[in-house]
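A, B, C, D and E are the chain letters, set down in written order, and residue numbers restart from 1 in every chain.
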Amino acid sequence: AKQQVQQSAQPEQAKTPEEKVDVVKIGAIFPLTGSAASTGVKLKYAVETAEEIINGEHPELDMPLAREAGLPNLGNAKVKFIFADHQANPEVAKSEAERLIQNEKVVGLIGCYHSSATKPASQVAERFRIPFVAGSSSSAALTERGLEYFTRIAPNDDMETAFFFEYLKYLNATYDAGIKTIGVAYIDNEYGVHAAQMVDKWLKDKYQGEGFEKVVDVKYPKDLSNVDTEVQKIKAAKPDAIFHASYIGDITQFVKKYKEFDVVPKAVVNYCGGFQDPQFVVNLGKDADFFSGSNATAPSLFAKMDTLNKINEIYKKKSGVDFDGPALEDFASAMVIADAINQAGTIDSQKVMEAIKSAVFEAPYFVSGKIKFGKNGQNEYSASVMVQTQNGKYEAVWPVDYQTAEPIPTFPAWKNR
Amino acid sequence: MVETKKIFSQKQVLSWMCILIAVLPLAIPNMNFHHVMIMFVIFAALGQSWNIITGFAGQTSFGHAAFFGIGAYTSSVLFWKYMVSPWVGMLLGALIAMGVAVIVSYPCFQLKGHYFAIATLAIGEIIQQIFVSWEYVEGATGISLPILPEGFLQLQFHQSKLPYFYIAYVLFVLVIVVAYGIEHSKMGYYLKAIRESQEAGEAIGINPTRYKLFAMMISSFMTAIFGSLYAQYILYIDPFMVFSLPLSMKIVLLTVLGGLGTLYGPIIGAAILIPLSEYTRILFGGTGKGIDLIIFGLLVVLVACYQPKGMIGLFGGWARKGQRTGGEKGE
Amino acid sequence: MNKVMLKVDGITMRFGNLIANEDVEFQVHEGEIVSLIGPNGAGKTTLFNCITGFYKPYAGRVIFRGKDITFLPPHQICRLGLTRTFQIVKTLKEMTVKENILTGAFLHARKRKEAEAIAEEIIELTHLTGKKDQLGANLTIADKKRLEIARALATKPLMLMLDETMAGLNQTEIKEAMELCVKLKKAGVTLVIVEHIMEAIMPISDRVIVLNSGKKIAEGAPEDVVKDEQVIKAYLGERYYAKSKKC
Amino acid sequence: MLKVKNVSAGYEHIPVLFDVSFEIQGGEVVAIVGSNGAGKTTILRTISGILKPMAGEIEFLGERIDNIPAHKIVEKGIAHVPEGRHVFGKMTILDNLLLGAYTLKSQEDIRSVLKEVYDIFPKLKDRENQKAETLSGGEQQMLAIARAMMSKPKLLLVDEMSLGLMPLLVDKVLSILKAISERGVTVLLVEQKVQEALEIADRGYVLQTGRVIAEGTGKALLASERVKRAYLGM
Amino acid sequence: MILQIIVSGILMGFVYSLVAVGLTLTWGVLDIINFAHGEFLMMGMYSAFWMYSLFGMDPLLSIPFAMGIVFVMGYFTYRLIIKKVINAPGLTALLATFGLSLLLRNLAQFIWSPNYRFINQSIVMDKKIVLGSITLGVPQMVAAISSIVMTMAVFYFVEKTKTGRAIQATALDKNTAKLMGIHTEKIYALTFGISGACVGIAGALTATFFPIHPESGALYSLLAFVIVALGGFGNIKGALYSAIIIGITEALGGFLFGTQFKYALVFLIYLIVIQIKPKGLFGW
């Protein structure tokens, strides 16, 4: 017990590098119960997929750590992800982070999907000097805190917003879509509010000058029973494009009501959230068509990306669905942290962090093919493509290099579908 | 147990409880356990505070998270924007919470029973919405507190959780002392009289509004203190976390679980509920199938069914076992 | 005659269309025992409620020791020295008998010790010694009524208004209650009593006021009131009349 | 008709009745008298099944009833007018009466009892649709008795019905009980007003701290010194 | 457009009343706070979803099934849980039903996964009636009409039938009700069952236009609490009327003051009304 006291009194003290390890433990904190559980559980499957690839022998996969069992540079030590549930509660995220570090002795952390949970959890990691690689948490604020032990894979909402405007410009230029006015519909929480702030920021900084104009701003409460009023407001303002920062439950209702009230914008672009969940297409069937959003992947890309396709098969066996963006991003976070440990050849957290910060990680599952973190910890290679639902499938429509189908630039009227 | 009740006074039992709580973290030097202990002490104190207005005075509040959140936000905003010591923020937060309590609860005191309870729920939700929409306090985004070097003045400790624990503990003991003082003074009797029958109370010279208001003020003041402490401990707050209905309900439920209207109740309740929820989550939370909460929910149901008067009922119940049961016919 | 303690001046009280008290007027002098009788539903309890501040009368005024108390809240009226009991007893159920009384005693006690002393004294006086640690909820009706009086007495009232506190007592206990009333009177407490048990109140009352359908129909010495035609017809019934004549 | 044999009963394991036995013949009016807290109410609650006896047996018309639930006992023909009236205040008088007839199956029956009850209590008929809580105490007492009559009981248990009634009404209600018993209903009466109760009762039992200490005809008990001293204050 | 919003609000109000009527029976009439009420609704939705995914059954056809399932749930909730806590002081029933709500919610996650489900085949699906500038969704219309029918049926049942009277009597005074020959245990269980049946129907009806999810009952039950209080506890018609008021407040208030405030406005309306009528709009 005495030793333990010392240890807990000096959390920053690193483990001796010569220590022989059989199992490398990494903590993974996700919302596994509560209203985001549907996503959280998928993220868990994604991380389990990564674990399987790392620990098993997968010569068919052309990527680091796949061919050999375990981490070759650590004597083929196995990787074990230890899952914890933060219940969408920052307090729990914090205490789980502490517990994983203290009791489970994890050498790295990934998670937490909710930016509000990632914030305190990554602070804990910082305090203990344990690397934290966030997958899908998208709040730009995360990488603005100057943390040394924090990195993030997903493009943040800042980058996403610019990406959306560029896409709209592309539609205007190439297809003469004539999109000028935009509306923003977003959930009243950190995710939605932050996204909406980014829209305002980019409009002011750049895109207003290029002819875009915001005509309506609909902020709706976190728990929601119906969206009639919200949709009426949007309908009245008649925006050409609607930016949505919504979860799967709300976006489904919005689409239903767009149909009921015959709202026909030219384009609807979605921040990484509900739209990207394959359940969107399952639930809405044909009504799901023609919506678009940024996504780290799309099933239609699988044909083009062999490795991704094979990874997806493993994932699909577990989860029953195809990879979606957030799941792939959290898969990537698991791969990256394991890769970094392997490259460092040790579980010494400082060395691992150095590896994370300096290496360029191979990521054949991303369209960008690579992951590299900038000074602030943000992945410099945006892995996003613009996807659009067409005939019940997510097609990659932009940038042109990754196109699996041409974008359909304007929404057809509901009755003409 | 009835016997022991006679041998030990309430004061002694409480003192023993407090001593036990104080030494437990020293005996088990595990950081996660310390976290559980901190949460336990904070929630026991919250339950104790809530108990004053609901257990003693009989006015069911489902909106105590409002005061908790006000405490958390006041100290956090002051600290984060103006670098005001959290201790000052704590006091100010408590005073503001008290002010808000007076303003919002005064008109509600004319309401009886469930109508009052729903009113407090409504107030809690409205206050949450105000904070969600209030840009000055960062709205829905929440506030991450700056991390400073360790120190009592800035209420931050990074090496060990024990300082947090003992600060929470001292405040917790203070809350017990206050609650004990109230229960054994004129005010305690008056509050209980109001709970039992407001009219009877009025007839013997009790001004119900005034005493309910006092109770609410004390209760909200203490609740806010722990809100500040909580924010300082987690170092991050957002409105969904500190103003949430589930938080209000947690305070209610743990007190009911332990025994409503008694000083032991919140302590026993928190001692059961907090570790139970933490450890079921730790053991089963990683499965992603909700098994932890299935088990937790089931245990709560069982406790409620078999100890309907709160766990405190256990202590009264032992002595009576073995007698032939009579009493109200069940069927 | 002693000073006027309570003056009820033209009290009228309505519930919707129902007139429960109509222009009721009477006075109570210091040190008196006044009984208020009348049929069920005559408005006696309602009148109590108007006097003690629980209802705001529709019209009329209540003067207590020269002070207009018509619109004062009950707790202030109690502080002035006018305390009442409830016909439908309002026992503080989850508190013991002693705690019930202690609560009343706190009105005039700064310290807990003082309050305890008052409470002990009242417990003696009301013969509740054996039950002082029982919970209010577990008492029989009669004990609850006794407790109701005890709690009121603990506020050290100058005037006490009792609403059917003897209902449910047997003859022996009624005797005790009567003695208590007389004792209180001697101690200088003015009493207003509502009761349906004639045997109990007739002997101890200085004056009787009769209410019927909200109106005062008679007032006077007990022996006069029982002979009143109207009172017999509306309230006492022939049997009582016959019985009382027999004695 | 009713046999109570060595019954003990109480609340939350604390007995208040000890080994109580008595009998009632069909058509009688029997009074149980005794001071406060003697356990009179407890006896009635035990007979009607609200309370479960801790020991002993209760037989009604040759059948054991101490182990069947209250609502079944009503079906067997025992109606209980509880202490303190307990009318359903928020409901109308008619609804209260219909609830009294809850155990009757045929509409025909209900209609005929209702008529009969209205005959005895004409005042209730006039106020059929008034909420019971707006009745004065005496009227509520009548309603409580009428409601009990609605189940066509063979045995009527009446608890402390004189409580809070004005003298005129006490007389009236007692004579109504007498009338009811003349219609063939057996009545078990629990009363504080010893004199009045024993006057109309055929037989009486005196209960003291949970035990039967005397029994006899109403007249005999009234004449007994013991009763006089203890309960009549003479 | 204002008109459209008001109409939408009214339709929504009817949906709420479906949920609130069940609650007013247990909370208002029997004075038991059933915290798991929202979870009963969720179970009703999943019952419909289950029938749909197993047999492709139209949710409207699975109404009787959902009703039955949740009736049974309500019935056994009483028999197994509430019965044990009903005589306990104050808030114990709240504690028990809170545990139950957690249990059900996570059981649903365990059985049906936490995915957001949607039923997209029903004869009413996507149908709408357009009257000038006003659009009425047929699913909501069906829900609204069923809601009126159901509220009236429950009202009639409680006020006019023998069993209904027994429910009232049991609620007012349990022991005296026993003396009337009422099997109060059965009445309690039945009332819980009926309350469950109401939300069961509500669940099947709302399943035609709302996503189904383990958490989907939570918000409804919160609103139902306010509606029941606003209408006056135990008042069935009051629940209907106040549900409509809440529906309109939410829609119109959200439109005028910002949709993020719509529930806050609902709570505010309650606070204002209750100052004027401390026992709810139609309370005793």
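We adopt the following convention: a residue touches a chain if its C-beta (ideal position, glycine included) is under 8 Å from a C-beta of that chain, and two chains touch if they have at least 3 such contacts.
Since we're looking at a predicted model, the values are computed, not measured.
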item: Topological distance between chain A and chain C, in contact steps; value: 2
item: Interface with more contacting C-beta pairs, comparing D-E to B-C; value: B-C
item: Most remote chain, CA-based centroid, reference being chain B; value: D
item: Chain whose Cα centroid lies at the greatest distance from that of chain E; value: C
item: Separation of mean Cα positions, chain E and chain B [Å, integer]; value: 30
item: Whole-Å gap separating chain A and chain E, where each centre is the average of the chain's CA atoms; value: 37
item: Between chain C and chain D, centroid-to-centroid distance (C-alpha), Å; value: 29
item: Geometric centre distance via CA averages, chain D-chain A, whole Å; value: 75
item: For chain A, residues contacting two or more additional chains; value: 33, 37, 40-41, 188, 221
item: Shared interface positions of chain C, touching two or more other chains; value: none
item: Of all residues in chain E, the ones touching two or more other chains; value: 106, 109, 114, 214, 260-261, 263
item: Complex contacts: residues of chain C adjacent to chain B; value: 52-54, 73-76, 78-79, 83-86, 90-95, 99, 102-104, 106-107, 109, 112, 115, 136, 151-152, 154-155
item: Sites on chain E touched by chain D in the complex; value: 162, 165-166, 168-169, 172-173, 175-184, 284
item: Of chain E, residues touching chain B in the complex; value: 27, 33, 80-81, 83-85, 87-96, 98-107, 109-110, 114, 185, 214, 222, 225-226, 229, 233, 260-261, 263-264, 267-268, 270-271, 274-275, 278-280
item: Contacting residues of chain D [partner chain C, same complex]; value: 11, 34-37, 41, 83-84, 134-139, 160, 163-172, 192, 194-195, 230-233
item: Residue numbers on chain C that touch chain D, as the complex places them; value: 18, 37-42, 87, 138, 140-143, 164, 167-175, 196, 198, 234-237, 239-240
